[in-house]
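Below: a set of structures, written as structure tokens.
Next come two complexes built around subunit A: one with subunit B, the other with subunit C.
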Partner chain A sequence: MKLLTLNFLTCAIKTCKTQPASFPLHPRDAELEIVETDMNLPFLKNILPRLMWDELRTITSELGLPDLPPTPPTRSNLVEGGEKDAVAEEEEQEEVVEEPTQTAKDLHRILLETCIKEGKLVCGACGHEYKVMEGVANFLLPGHLV
Partner chain B sequence: MLPTPSTSHVCFDRVYEPAEDSYLLLDTISSTSEAAFLQNRFGHVSSTPPLILEVGVGSGVVLAFAAANARTIFGRNDVLTLGTDINSFACRAASQTVSTALREPTSSSSIFLDVANGDLAGSIRPHSVDVFIFNPPYVPAELPDFSRHENFNTLPAGQEKTTFDQDSYLLELSYAGGADGMVVTNRMLEQIPNLLDLKRGVAYVLLCAQNKPEEVKRHITGWGPGWGVETVGTSGRQAGWEKLQIVRIWKEGA
Partner chain C sequence: MSRPEDILPPDLFYNDTESRKYTTSSRIQKIQSTMTHRALSLLSLSTPSLILDIGCGSGLSGEILSRPESEGTPGGPHIWFGSDISSSMLGIALEKEVDGDLFLADAGQGVPFRPGTFDAAISISAIQWLCNAESSEESPAGRLSRFFGGLYSSLRRGGRAVCQFYPKNEDQKKMVSQAAIKAGFGAGLLEDDPGTKNAKTYLVLTVGGGELDGDITGVVRGMDGVDVMDARRRAKGMKRGEERKGSKAWIMRKKEQMERQGKVVKASSKYTGRKRRVQF
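Coming up: the complex of A and B.
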């Protein structure tokens, strides 16, 4: 399960939804694996505003991964030589080949290649633990919690 | 005609096999009119990538189709796809279907996240979904006995094969919808306003004639000002009992 997926998940218990502490879910006893995948630079640039950066930093620090910078990178930080302005891009009809910076490569590695293979995801509000097995998180609740 | 993703690795004894309903969803979201609607909403190249969530992915054929044909349907290569299913065997099968489809040379290079094992969209962060897709268990038939779920959702201890009872149960989950075939769909519809992105969220839900679609649509209109609902795809016009339609649910003026 990719770390970027955690950007979109929360505790499945209804009463937790309104508790800010139910997001993000906190990985525990996680066994990580790297699953390589092609880099999509336009995606990385465009996803920046959707990333819950502080929460992502919490998750990477809890996993013992290298610290992310305190503020998210900008679009230009991701492109070697900075991002060309939109007009120039249009003139060249999207044929501009942009090279990713190390920052972009690192972000790609964290968001899309670092996967939780086994472990648990814990709700910060109620403490409920969701198991991750063979990369699949299980959010099914026992009958009394539904 | 866009390619249909391969599901040849999926064991259809315990995972729903793509059928007329699945294909109607593929045809509908890739139709000229829906692709135009979606591109108008999401096609701006440097806007944030839309998150596409399918609940009850089964074999994964619909999610894989959306992922692999993102350029044609959404007008961009950087959409995110995420799935859930109550059946853990379906979760694994669907993951493989999407990953395989994305490796096809003609495929869009969109971003597949994961398929989580869960009940409907219970574990999805509120208002984070831009495009929601649901092919529900819509057949009017008694709901399966969920008390068996925990046992039946994994391989029996020490075994490498599922049992016949287990397979029957898992398939029932994929089609049995209780009274009017609407028990599960109603639970899902209730979650939709909270699930969709407040500005640009849109949902595609499949209904059959037995579900009383006109009543369902009236109910959705009653959610409040701004909610739109429209039938955007139909099949099975020969008046068989399983006449199907896809309704699009969205917030107007977004």
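Coming up: the complex of A and C.
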């Protein structure tokens, strides 16, 4: 399961929906793996405003990954030469193939290539544990918790 | 025509043999792929997006989502998350090494994602399973309402969802679309080949706001060979803001008119324009 997914998952239990601690789910006993995928720059640009950066930082520190910068990158940080002002870009009418920067590559690695293979996800509010096996999280709830 | 949902619950019906049969059948593969392409054309995505696939099964529809634009997926390659209740189906998806993240989850228990997560959602031949409850603790209506409620909040404003399903009868079609409307969606049904054995029903759901063009009538605008049948009630022959003769607004306007003409007019109160109580 990608770390990107973990940035969107909440606890499935109904009573947890209203509690702020139900997001993010905290990984425990996690076994990580790197799955190489193709760089998808337009997707990164699309998803960037929706990321909860602080929660992403908490999770990476819990997993013992290198620290992320305290402020989230902006869209212009992702494209090579993106700091140029917009007027200059408009002048170049032809389709320019956008080159991802190192920031974009790092973001791609952390969000889309770092996967949790085995382990548990624990809700911060109710403490319910969701098992992750072979990268598939089990969100089936017993009847009394629905 | 046999309906698998009448035989067993989905997690038991799609066991290892049944899942393999389903995934390897070239007929099913072809039908699923045409339906996925149809759903994608209804979603009309232009950039790589985050998509939820409900009832992804062995990833037949997901494989199409991860394809690049050059291979016929508009706006692709998309990143998708898939959820399914059958572990055997997910096992086959793992064997095939699909790109999306998979979850073992029951759609009737809700959608465990934070609000505004997805650009779009897709579901191919799945939500008819929600119309069956397997225990006395739950009801089809409750399962549908939890599913659509969760889906509504997890889509971003201006997002769309397309759910292809096989309704058993008209009642079931109505129950599903009513549940979606109750959750807040702008809902509409699109039927391909209506009245034939190959009829396919697509529930097209829209979330208000954003750059979206209204409900399903906006979605299908400009598509070829689509007839719109709008069954919504509409006040006939009345323009918006027009008042009916005898209504409170009309009485107030008349009283004002009279007052301006210098006539004696009774004072207005909350009782003005109300019907008199029946005395006997």
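A few points about this structure:
Here is the rule we go by: the second predicted complex is superposed on the first by the 133 of 146 C-alpha atoms of A that agree within 3 Å, B and C clash if a C-alpha of one lies under 4 Å from a C-alpha of the other, contacts with A are read in each partner's own complex, and residues count from 1 in each chain.
Operating definition for what follows: contacts are C-beta pairs under 8 Å (C-beta built on N, C-alpha and C of every residue); 3 or more make two chains touch, one makes a residue touch a chain.
Note that the structure is a prediction, hence the values are computed from the model and not measured.
Looking at the shared chain after the overlay, A:Leu112 reaches both subunit B and subunit C.
Applying the stated contact rule after C-alpha superposition, one finds that A:Phe139 touches each of subunit B and subunit C.
Of the two partner chains, both subunit B and subunit C are touched by A:Thr5.
In the superposed model, A:Pro49 lies in contact with subunit B only, and not with subunit C.
On subunit A, the patch touched by subunit B and the patch touched by subunit C overlap at residues 1-2, 4-5, 8-12, 14, 23, 38, 40, 42-43, 46-47, 50, 112, 134-141, 143, 146. Within the complex formed with subunit B, the subunit A residues making contact are 1-2, 4-5, 7-12, 14, 17, 23, 38, 40, 42-43, 45-47, 49-50, 86, 112, 130, 134-143, 146.
Residue ranges of subunit B in contact with subunit A, taken from their complex: 45-49, 51, 77-78, 80, 82, 84, 86, 88, 91-92, 95, 109-111, 113-119, 122-126, 128, 146-147, 149-150, 153, 194. Partner subunit A is touched in their complex by these residues of subunit C: 47-50, 77-79, 81, 83, 85, 90, 94, 99, 101-106, 109-110, 112-114, 116-117, 119, 135, 137-138, 146, 156. Subunit A meets subunit C in the complex at residues 1-2, 4-5, 8-12, 14, 23, 37-38, 40, 42-43, 46-47, 50, 52, 112, 134-141, 143, 146.
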